[in-house]
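Naming follows writing order (A, B, C and D), and every chain is counted from residue 1.
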Amino acid sequence: MSDRKETIGFIGIGIMGKRMSSNLIKAGWPLIVYDINPKPLEELKEMGATVGGSSKEVAAQSDVIITMLPDSDDVEKVILGENGVMEGIKGDSIVIDMSTIDPSVSRRISETLLTKSIKMLDAPVSGGPEGAEAGTLSIMVGGDEQIFHKCEEIFKGMGKNIFYCGPNGNGAIVKSVNNLLAGTMAVINAEALALGVKAGVDFKVLFDIISVSTGRSVFLKNAAPMKAFKGDFEPGFMANLMHKDLGIAVNLAREQGVPIPVGALSHQIFSQFKASGVGIKDWTITVKQYEDLLGIKLRF
Amino acid sequence: MSDRKETIGFIGIGIMGKRMSSNLIKAGWPLIVYDINPKPLEELKEMGATVGGSSKEVAAQSDVIITMLPDSDDVEKVILGENGVMEGIKGDSIVIDMSTIDPSVSRRISETLLTKSIKMLDAPVSGGPEGAEAGTLSIMVGGDEQIFHKCEEIFKGMGKNIFYCGPNGNGAIVKSVNNLLAGTMAVINAEALALGVKAGVDFKVLFDIISVSTGRSVFLKNAAPMKAFKGDFEPGFMANLMHKDLGIAVNLAREQGVPIPVGALSHQIFSQFKASGVGIKDWTITVKQYEDLLGIKLRF
Amino acid sequence: MSDRKETIGFIGIGIMGKRMSSNLIKAGWPLIVYDINPKPLEELKEMGATVGGSSKEVAAQSDVIITMLPDSDDVEKVILGENGVMEGIKGDSIVIDMSTIDPSVSRRISETLLTKSIKMLDAPVSGGPEGAEAGTLSIMVGGDEQIFHKCEEIFKGMGKNIFYCGPNGNGAIVKSVNNLLAGTMAVINAEALALGVKAGVDFKVLFDIISVSTGRSVFLKNAAPMKAFKGDFEPGFMANLMHKDLGIAVNLAREQGVPIPVGALSHQIFSQFKASGVGIKDWTITVKQYEDLLGIKLRF
Amino acid sequence: MSDRKETIGFIGIGIMGKRMSSNLIKAGWPLIVYDINPKPLEELKEMGATVGGSSKEVAAQSDVIITMLPDSDDVEKVILGENGVMEGIKGDSIVIDMSTIDPSVSRRISETLLTKSIKMLDAPVSGGPEGAEAGTLSIMVGGDEQIFHKCEEIFKGMGKNIFYCGPNGNGAIVKSVNNLLAGTMAVINAEALALGVKAGVDFKVLFDIISVSTGRSVFLKNAAPMKAFKGDFEPGFMANLMHKDLGIAVNLAREQGVPIPVGALSHQIFSQFKASGVGIKDWTITVKQYEDLLGIKLRF
């Protein structure tokens, strides 16, 4: 794109969206924002954003339209529905969906947009509210590679590690695969550490040895030490969001005909957290469950 | 112990034991060796070892007796059984069991030895035949801490990372916990990578992104790249041995009253490898199973 | 309804639909039939049915419109899509969807129809092609109770056990719950019987004892004896259809927030059958898998 | 055996053993009883039993020695240990172990007894304290068939359905296989019924339909209606005992090389009941767990 900063439409000003759009404003982009909840829009207005009246209106006035919404249905409605992005969008504008949704829904939306020659990128993020605040999100991008490069500066305004993953849907798939791994590691690390401590090994000894052995993972070395192993279970990345992401992976596996027995079981375990109400805590809650069940501590 | 190198009895001269005992000979320890299979004893004799006639006889002539045997029953028989170590051992000798066995069996044996004031260490290893050959094994040691320090030089003759894990049985427990993690990661990484590739993401892209994301683990970064991702499934560390180790963890969990649903499922999946005959391959065979099932390649 | 037999539109003339519609013709109902595949329509025409040109056209000429289609998307398209049932239907006609689909999709369709005051019943069946042929299907019906009673004669033209399950979607839910049980029992019976026989118990002895003990189920007593225990694995009810039904249950559980770990695992096991190609056999293939894996026979 | 009633030694006078031995006394057998806990022995003495001073002493004075003990270790110690049955037993006496233990331990004990030409039967029971009280136990018997017939009258003094299962260990295996089925059905029925009710189907409707469909099992039709579906969770057959039995099946599967993923998961779920303390309730507690988790009722 040209030197001039494009006008960005930002739809979905929740916990994540607000922090991401603020960073774009700070980085100098003109922003038009919209959300069904008017409250966060006021704050962005004070920062210099224009407030749009609908998704359609935002789309009509933007070069790039970013959506950051709770789930597949929301994205479908906002982009393809009545008064939605597709109704208002200009011919050479670009849609970037940064929500975490079903890859197959993402692909379907991009195909529908393509019937009007509109290009879309799927670009889910990881890093949570802290990463959004700090502008250090990881962003996994699927779609046309040229379009990706056109939007790279925008991504850099919100994140640090920007990955190009291939054609449409691939951003969503890569995030899903990564979280399938992360979520399962949250479960099996809790199982294994609880077993070792219950059987009589000192937690710190166990941690130190596994940290340099074949059982090592990001969960053990980075995620849990920042939260669970310090007794802090405030999210961070909510267990219920991990549940949602595992559900996306399970659904993708069903569509693709890939058996994922262990991943499906991890999904069910997070489903128990959700049903019992602890899912509003950090995803490292797997650790707390074992502490409470067995009367042990998995703490530094 | 004194400067003078103690005489070491080494019982169990299999794939691992032969390499480990050879390294001790090279490092200057006088060795008395025994195995029910006479063949490997000849080679060690040529290297300078004395060959004993029974476990009892070996024990009678050694300051430290090392056992390296297939499983719990073998260790129990060799140490506590007829013509076994306990019948021959001198009052101030030390027993080191380096086999991978049930922690509870290990504790029971050490308690029985203690009735004759014999001290024992449980010291299972990881690193496989290559690590045994190169003298770079990781060794996880349980037992009296002073006894551990007395034997540290001996461990250094066979391994590189020597960990003191606490009282008797703790070496066995730590190894079990570590392999519970490693084995499960072998399964879930195969599930997740297969899902991503089947859904249309390039393997290398997937690998590169997860390598720097929350889904990262030793399996992805170190274990599989050396073997499975190059299409090499010759062991290395046999899948059937991982099955055995996961079985030890499941059994420990049963004894300790710790639910490990995901770990137990991983154990069952390795049980399928064993039943179908592919368990004689490397433990990264989890990857191959998905390649064959789905007609995809998870390769660099 | 009145004495006069209503005109029935029947859309979806596959393996099941053809047998069900034939029975309705034989029972004296005037039928208008439609399928995107023209071939089976000819046979029904010879039996006396009228052939419609589209779902819309069938709907316009019928008092009751029955759909019997492969899955959720098909039903949605045929009823709500372009040239679909909703476009053609008369104000007081009734829609009966007898496909096995997601209960939530079924509820959504019935709500959409209701905006035009059209009443719908969800009425999935069990009993397979044999049951369809013989007119002995079980039919689980959800929707308005009065409408159910109006249609009872029609159901009796196709099935034997007709169950009223409550409001819209409940027919689909009951079928899903029942097959969640049946599918899991197919898996656990194979596991358990294989274990007993491998451990040395005669199959017939095992069967006879469990048949009168707490381990008894329909799978053991009725389903498997007709097929698997005689070495017959031709469908009957295809394993891939059980896979589909378990997938519906897993999805329903996700929507409802109900953890179903064992059910989800059973779904994954049928997913393996599908991926490996044996899913085209009878759902009692669980038994065959163990026969082949272990070299045993689970046969009378 | 002859008309004259043989003297029966009964070792292990717990909840089950006391009821079983009482029934034998009532049926006219001379009994010598022993337990490490002297209290229940007094009551049996009043009923006419002789009290022995040790397992050895009981064995020395009996024609048939019955053991009814908590687990594998206890049976091994009482029969083969110091002051145990094997030390005292007469040459033509018979040992009947009615405990529920590992089939492999049972086989090992019978082989050891055989070295002294002593014949043993393994004869675990099902039916719980009520069945023991009423003399209506099911008894699954492994061992020499002639010996079985010799002891049939004795079994009939305690139970109603007496099954001959084949060689030594087969009684234990059949019980294990049956309870693997029963325990898994307790889990999957709770999952499925909870799903249906949470999704909006009336419990009674669900029950009635599944009762005549392919999802039917003893759990649904007999076990749960007597307890869980009436809101009664007092044991009956304790969940912790089902956990023990599932553990025996899992262990047998490990020894026999039979993968049982669904059974192993059911075992883990009962392990959670045990860890959380609810395992002291009836095994139909699976139902209560879902009632509490989801705020629903699965009740008539």
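Going forward, contacts are C-beta pairs under 8 Å (C-beta built on N, C-alpha and C of every residue); 3 or more make two chains touch, one makes a residue touch a chain.
What you see is a predicted model; the values in this text were computed from it and never measured.
Asks: So which chains are sitting against chain A and chain C at once?
Replies: B, D
Asks: Shared interface numbers for chain C and chain D above half of all numbers used, same, or below, different?
Replies: Since more than half of the residue numbers are used by both chains, the interface counts as same.
Asks: Farthest chain from chain A, comparing Cα centres?
Replies: D
Asks: CA centre of chain C versus CA centre of chain D: separation in Å?
Replies: Each chain reduced to its C-alpha mean, chain C and chain D end up 40 Å apart.
Asks: Round to the nearest whole Å and give the separation of the Cα centres of chain B and chain C.
Replies: 51
Asks: Specify, in ascending order, the residues of chain D that touch 2 or more different other chains.
Replies: 253, 257-261, 265, 269, 272, 275, 293-294 - these are the residues of chain D that touch more than one other chain.
Asks: Can you name the residues of chain D that touch chain C in the complex?
Replies: Residue list for chain D touching chain C: 103, 126, 138, 140, 161, 163-167, 169-170, 173-174, 176-182, 184-185, 187-189, 191-196, 198-202, 205-206, 208-210, 212-220, 222-223, 249, 252-253, 256-263, 265-266, 269, 290, 293-294.
Asks: So in the complex, which bits of chain B are touching chain C?
Replies: On the chain B side, the touching residues are 261, 265, 272, 275-276, 293-294.
Asks: If you look only at chain D, which of its residues touch chain B in the complex?
Replies: Chain D residues touching chain B: 247, 250-251, 253-254, 257-261, 264-265, 267-269, 271-272, 274-275.
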